[in-house]
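Shared chain: chain A. Partners: chain B in the first complex, chain C in the second.
Right, the complex of A and B next:
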């Protein structure tokens, strides 16, 4: 505890003077950076449009209400596609993530120097590229459609699933593995009976967690042509059919709520 | 008895103990997969025809071309970084009062419900949908992207902050309160030290997410590197696009490693 003397009186302080000063300098630098960035953004902003926003918002709200409920009939197939993109993409990601995770975990990787960095690079690159960017790329390569969406979701999720999975593998109880090895089990048997049962709950949790995220992400993939309800959203916005947009947004909202409910139930059952 | 023991073989205990649940899960899953693959029209002919074209497309990503569009790429990257910094700061600043309000053990019931509603609302829609609307309302440019990212940050950060405050150790909080501390003092000396390390880590993580998301809000006109990326794709300049993707990966890696370092230093 730091104490400052003012004449004869001791005053309690939370930190030493040097540390306090360092924190203040840190704050000063952060504020300076923030102000600088803000200034650059505000230079590129047309403030006339921003001032106009409340009027625009009122105008937009007026155009979106009431929602055109008949349009819902045309949304069932896109919604089914969206569900498929999310689910099949998650399944694909999980299948590919398992070997990558085993290669990336320090305690199971075949080679720390050669294989592990490659696996980690795959994980980072898959995670840093957003699923929309993956979709943009895949649509140019294999053409628009649901398949591009599935692959985009899959590629995006590999990194996420593999990262969480390899962290789970690194945290396993080594004594169980040693016990299995002591029975004379070979490498594959050790993996199957020593490691896999320990990471099964984590694996189930990760799949559900990622599926929930993927449902959200697959609703917008259509904006770049990769199938699902996003296609309808894009078409409705481009044709300024705002009453349809509000129906689509409500459908997305309902889907997200249902998927969150389902995943909460399943997570509760598994863990 | 002895005979029996010889014939007993060990079986791995099942992951799902209830056989009815297990079989219904298996049947349900295969039924779903059959239905799903049935409705997706894999046009094998087209895929076969497209394979060489796809190969050519992939080949055109290499080698990445950093130079031809370097000024546009630099502009985009910097704009993304400004957006990331401002939206993370503003988002976190706004989410602190909301997070405090959304913590059950801190806020009165009415405030709690209101703040939870704000958090739920801003978490529902993906950043890109928010960006579409902000572009419509506030015009093209980084301001719309900044708003979309800030709003998404509020949902993310407010929720985690509230959960962290709800999980804190009530003993320390009570000890500080027993000294006669005012509400502010109680907040700063009892609540803040308990949640700060984790919150700094999460703030850095959100910075990372915001940078990645800033690459997509540009696709709908929200400024940043996404706009440059979309232009590169639209002009079939895949080598420039590859360069942009590599830069994004590199920056995310740098942020991730340094945030791990800062987190260790804070704790």
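Right, the complex of A and C next:
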């Protein structure tokens, strides 16, 4: 881009001089803002509490040890609920996300002007609300329990799955679709033979990825009354039963590790 | 059998890809369509099966006007035209058998095709065709496991299982090595002869076109500038089609010592026939 002559020699630099200067000024401004913010936060911090932090943390840790292992017996059912919330929520989301994704993808949507914006709106609204917020609203509407949790996970995941899926649909190889169309196949057959095989790996990957995320999200849904192990967590924290809290945290950790392992295995097998 | 009348195509970008093409392809004729990139070769054959909709003009297949068919009529017309693609255009994640059987989609209902319950007669035909193109031991391989030449053979089988009257072939050898290119072209021309198929073959390689087609049509910026036998391709003609270049090597055909014994016989046979 930036080539200039110095006598006989052609000098090449990555950017023009003005552009390079602008980039340096940009860096300078960012550093200044960072320093200013640092100062602002320091002023508003109550240092007495912060200085106290190591002692408080040690105190909390002390109260959490030893974990009250007998409590584990009461956790199996909530843990099972948590897994079910994540799994059923993911399944529900996938069933609804597939048609939405096909409506949102530019190359498969029935109408770019009417249907596509609606599908995109559904995706954005589902994604913009955190599952904890979905759960809060659903607990108010249908009352506390596992169903609210499943729906909360499902609603939150629709947008995520549909978005990734419609991006995969838009990236397919169109000549394969053309070839199927050229045989005289109807629209449904073109979809089943030309498009679906191409997006299967993406679909499998997305489902497992979201299931993995949902297991972690569903562990906290109980905090707002939407079922699962979060209920026990909430109860233990509010009664200051820290030895129970540590058992719950360890149980969640173990579940997440297992789910990571399972999803890695499944992903490897499918793709 | 196939008749194009004043066929025109103007893309939304304003490019006039076809400027009034008149062309008749009789039954059983293998016709090579040559011309520089962007001459409108691909557009022309895509206008025939309406993967691209022509702007004006008519395409008649056995006196049926394809340009004004509705969705259903178009599907029925497409069944009678097999298409072979440049980069094979197989569905990569389906098996060889599924790819071949996808040529029958125009004849089979959705649920039958979805559960892969094709009629036994179709499956028999698929096995027969795979044997004919030399892939009968690859039935259950996935398309993305095959080599280029093998994939194009699957593409040929998929087009033929439609039981077409016309083959539309778009740069069948563009991504193949010289030997495989010849084998594929020979297979296509033999199959056309066996089944009395008409074919339009878009091809970049003038030598291959001369070897395997009895009629050559030269296209330049959307207009036909040559229509005649292979031996009519003089340096002047090639210059009109492609522009100024030294064409002597192309006119002299292939260097004789380059050919295998089999290919030499092939050429002699073709030459006798054309003279």
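One rule holds for everything that comes next: the second predicted complex is superposed on the first by the 235 of 271 C-alpha atoms of A that agree within 3 Å, B and C clash if a C-alpha of one lies under 4 Å from a C-alpha of the other, contacts with A are read in each partner's own complex, and residues count from 1 in each chain.
Throughout what follows, a contact is a pair of C-beta atoms (placed from the backbone, for glycine too) under 8 Å apart; a residue touches a chain by one contact, two chains touch by 3 or more.
Quick caveat, the model's predicted, so the values are computed rather than measured.
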Touching partner for A:175 - first (chain B), second (chain C), both, neither: second
Touching partner for A:194 - first (chain B), second (chain C), both, neither: second
Partner chain in contact with A:38 - chain B first, chain C second, else both or neither: first
Which of chain B and chain C A:209 touches, first, second, both or neither: neither
Partner with the higher number of touched chain A residues, chain C or chain B: B
Chain B and chain C footprints on chain A, overlapping residues: 193, 197, 200
Chain C residues touching chain A - in the complex, by the definition given at the top: 49, 51, 75-79, 81-83, 85-87, 89-94, 98, 102-107, 110, 113-114, 155, 158, 162, 168
Touch list for chain A against partner chain B, complex: 14, 30, 33-34, 37-38, 40-42, 44-46, 49-50, 53, 56-57, 60, 80-81, 84, 87-88, 124-125, 127-130, 132-133, 136-137, 140-143, 146-147, 150, 193, 197, 200, 216-217, 219-220, 223-224, 233, 237, 249, 252-253, 256-257
Residue ranges of chain A touching chain C (in the complex, touch as defined): 173, 175-176, 178-186, 188-189, 192-194, 197-198, 200-201
Complex contact set, residues of chain B against chain A: 12, 15, 32, 36, 39-40, 42, 46-47, 50, 54, 57-58, 78-79, 81-83, 85-86, 89, 124-126, 128-129, 132-133, 136-139, 141-143, 146, 189, 212-213, 215-216, 219-220, 223, 226, 229-230, 233, 238, 241, 245, 248-249, 252-253, 256
